[in-house]
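There are two complexes below, and they share chain A, which is joined by chain B in the first and by chain C in the second.
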Partner chain A sequence: MIERAMITILFYGFAAAAILLALAVTTSRNLLRAAVCLMGVLLIQAAFYLLLSADFLAGVQVLVYVGGIVVVIAFVVTLTRSSQLLMDHPSPLRMSLAFAASAGFAVVSIASLWVSALHQPGMSHSKVDSTKAIGMALLDTGKTGYVLPFEVVSVLLLAAVIGGIVIARKTPPPSQPFTTGGDKPGEADVTLPKSQRISKDGRDSR
Partner chain B sequence: MDYFFVLLFSGLAVLFILGGIILSYLIAPHRPNRIKNTPYECGEIPLGSAWIQFNVGYYLFALLFLIFDVEAAFLYPWAVILRVVGFPGLLEVGIFLLVLILGLIYARKKGALEWV
Partner chain C sequence: MIQYLAEHGPGLIHWLILSNVLFAIGIYGLLSRRNAIGILMSVELMLNSAAMNAVVFNRFLTPRAVDGEILALFVIAVAAAEAVVALAIFVALFRNRSSIDVNRMDSLKG
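And then the complex of A and B:
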């Protein structure tokens, strides 16, 4: 009984923190600060998974979302000319449209959760080892197993590798090593020896 | 609650950082001047804005890291039941890894892993 009460208190505490951090993500004018707040939101989401006894999902959340996706977002932030983005004040029309769209999304998602079978107060969660159960289900070749989707995931990831390389790559000049640049000033001098190049990460090669 | 100590640790970590910042704000003297307010750059006079555009190459590496990060996430459930599933499981994971190693070979052949 005490544990249930504690879980409820923790849930509301985490929920409040998640909402505050999510607001900080959307209202922050500093993109890097927004990315750090997003990291907080995703960490709290992992805590929600733990409260639901989904240990594995919480681990994956930290490993992939907090450790991976936010890192990619942080890199994208450092790649953009953030000063330009910060000056971009949206017009009142765009702001109200965005507010209407997000409010509509909130209403639809709350309504669909309300009527769905997921909305069952006091639903007890089982105490099975979720990682073990997921592993058994993934590698099971029987009728209830998911071994084919598991293998197809690797093909999907392969497509992501190839797609990422193809998109991030610009056409390299012939007999030149692979380059991701070429379309920005300072990157065209890739043919120069390293010492004469304008350093792209800001540090001079002295 | 198996994760009580994780919660305790996170709470203490936040408290430690916030406490340090707030305490130093409260007890430190505040006499700023122009030179004190310049960013510290190892004694040199800072040049330009702190916001610089990074090499696009970082993005590609981050993207590749993310994909193999997801791959690693799929290996954990297998590692937990390694002895239960035995050789058939090893075979299934082997096929999974083989497809992704093809991706790694592709990235290597395209020179995506070379730093430019």
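And then the complex of A and C:
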């Protein structure tokens, strides 16, 4: 009884906080502030997973998103000087068009949910140990097991790590294949002040 | 009061409406941002709300199975890979053109 009342209060409180923080992520002019708000949204998402009694998923969410992705995003925001160079002012036309698209999506999808047959009462409150079941299912080689996608995802992550290093690498040796030539002086280089330009042999002139 | 709150807990439709609203906010950011990192953050928002949809359906419709949670796990893993590659591309792009404004990325325009 008390527990169910608590779940109701927590759901609506977290929902309001998540929506406000998500609005801050999409409208904040300062990208570092937006990254911090994104961290808040992802933490609240972990709380939602806990409310849905998906404990393992909440842990993974905090580890991967909050501890990994948001930190990398904050690094790249500072690395590309985004918070100073471009304070991200969208034109009014663009903002109104984007608002129309997203509001149209929200109205149509919520209206179709409302008239659908999904009005179930509450969830069943039997506590299930989903962590053990996830572990069993991920390593199950049977018909309903997920061992093949599990291994494919590990290969995908390895490919992403190698791709990230190759793309963002500073100086590609000319003899080596599969490099992007990431350091060649581009056309935008000419507009920079002389002290920041990159000299022709690929080395930084500073 | 406690009686009322306990009887009006969030049902399936409330969870789905919440994730729809978060997804719509993500669409707004995706379309209105000019900075590529801002667009990536909006994409992360949308991926998150989609993953939450899978968990919600799993919890309400098939409480014994864990397939929705595993789908959400894979979504998180693929989102991490996507973020790494996208941010590496942004760093390389910034080094070449000293800007990651998507309005100025028009080299492929005919």
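Heads up, the rule we're going with is that the second predicted complex is superposed on the first by the 149 of 206 C-alpha atoms of A that agree within 3 Å, B and C clash if a C-alpha of one lies under 4 Å from a C-alpha of the other, contacts with A are read in each partner's own complex, and residues count from 1 in each chain.
Just so we're on the same page, a residue touches a chain if its C-beta (ideal position, glycine included) is under 8 Å from a C-beta of that chain, and two chains touch if they have at least 3 such contacts.
Bear in mind the structure is a predicted one, so any value in this text is a computation, not a measurement.
Asks: Check the residue A:151 against both partner chains and state whether it touches chain B (first), chain C (second), both, or neither.
Replies: first
Asks: When the two structures are overlaid on chain A, which partner does A:71 contact: first (chain B), second (chain C), both, or neither?
Replies: first
Asks: Quick one: classify A:56 as touching chain B (first), chain C (second), both or neither.
Replies: In the superposition, A:56 touches chain B and chain C alike.
Asks: With both complexes overlaid on chain A, does A:22 touch chain B (first), chain C (second), both or neither?
Replies: Touch partner of A:22: chain C, not chain B.
Asks: For A:98, is the partner it touches chain B (first), chain C (second), both, or none of the two (neither)?
Replies: Once the two structures are laid over each other on A, A:98 reaches chain C alone.
Asks: Quick one: name whichever of chain B and chain C touches more residues of chain A.
Replies: Here the partner covering more residues of chain A is C.
Asks: With both complexes overlaid on chain A, does A:79 touch chain B (first), chain C (second), both or neither?
Replies: both
Asks: Touching A:162, do we find chain B (first), chain C (second), both, or neither?
Replies: In the superposition, A:162 touches chain B alone.
Asks: With the two structures laid over each other on chain A, which partner does A:139 touch: chain B (first), chain C (second), both, or neither?
Replies: first
Asks: Of the two partner chains, chain B (first) and chain C (second), which one does A:30 touch, if any: first, second, both, or neither?
Replies: A:30: touches no partner chain.
Asks: Between chain B and chain C, which residues of chain A are contacted by each of them?
Replies: Shared contact residues on chain A (touching chain B in one complex, chain C in the other): 56, 60, 64, 68-69, 72, 76, 79-80, 82, 134, 138, 153, 157, 160-161, 164-165, 168, 180.
Asks: Applying the document's contact rule, which stretches of chain B touch chain A when the two form their complex?
Replies: Residues 1, 3, 7, 49, 51-60, 62-67, 69-74, 76-81, 84-85, 88-89, 92-93, 95-97, 99-100, 102-104, 106-107, 110-112, 114, 116 of chain B touch chain A in their complex.
Asks: Show which residues of chain A lie in contact with chain B when the two form their complex.
Replies: 3, 6, 10, 47, 50, 56, 59-60, 63-64, 67-69, 71-72, 75-76, 78-83, 129, 131-132, 134-136, 138-139, 141, 147, 150-151, 153-155, 157-158, 160-162, 164-165, 168-169, 177-181, 190, 200-202
Asks: Could you list, by residue number, the parts of chain C that touch chain A in their complex?
Replies: 2-3, 5-6, 8-18, 20-35, 37-38, 40-42, 44-45, 48, 52, 55-56, 59-60, 63-64, 66-67, 69-70, 72-74, 76-85, 87-92, 94-101
Asks: Once bound in the complex, which stretches of chain A touch chain C?
Replies: Within the complex, chain A contacts chain C at residues 1-2, 4-5, 7-9, 11-12, 15, 18-19, 22-23, 25-27, 31, 34-35, 38, 41-42, 45, 48-49, 52-54, 56-57, 60-61, 64-65, 68-69, 72-73, 76-77, 79-80, 82, 85-86, 88-90, 94-95, 97-99, 101-103, 105-106, 109-110, 113-114, 118-124, 126, 128, 130, 133-134, 137-138, 146, 149, 153, 156-157, 159-161, 163-165, 167-168, 180, 182-184, 186-189, 191-192, 196.
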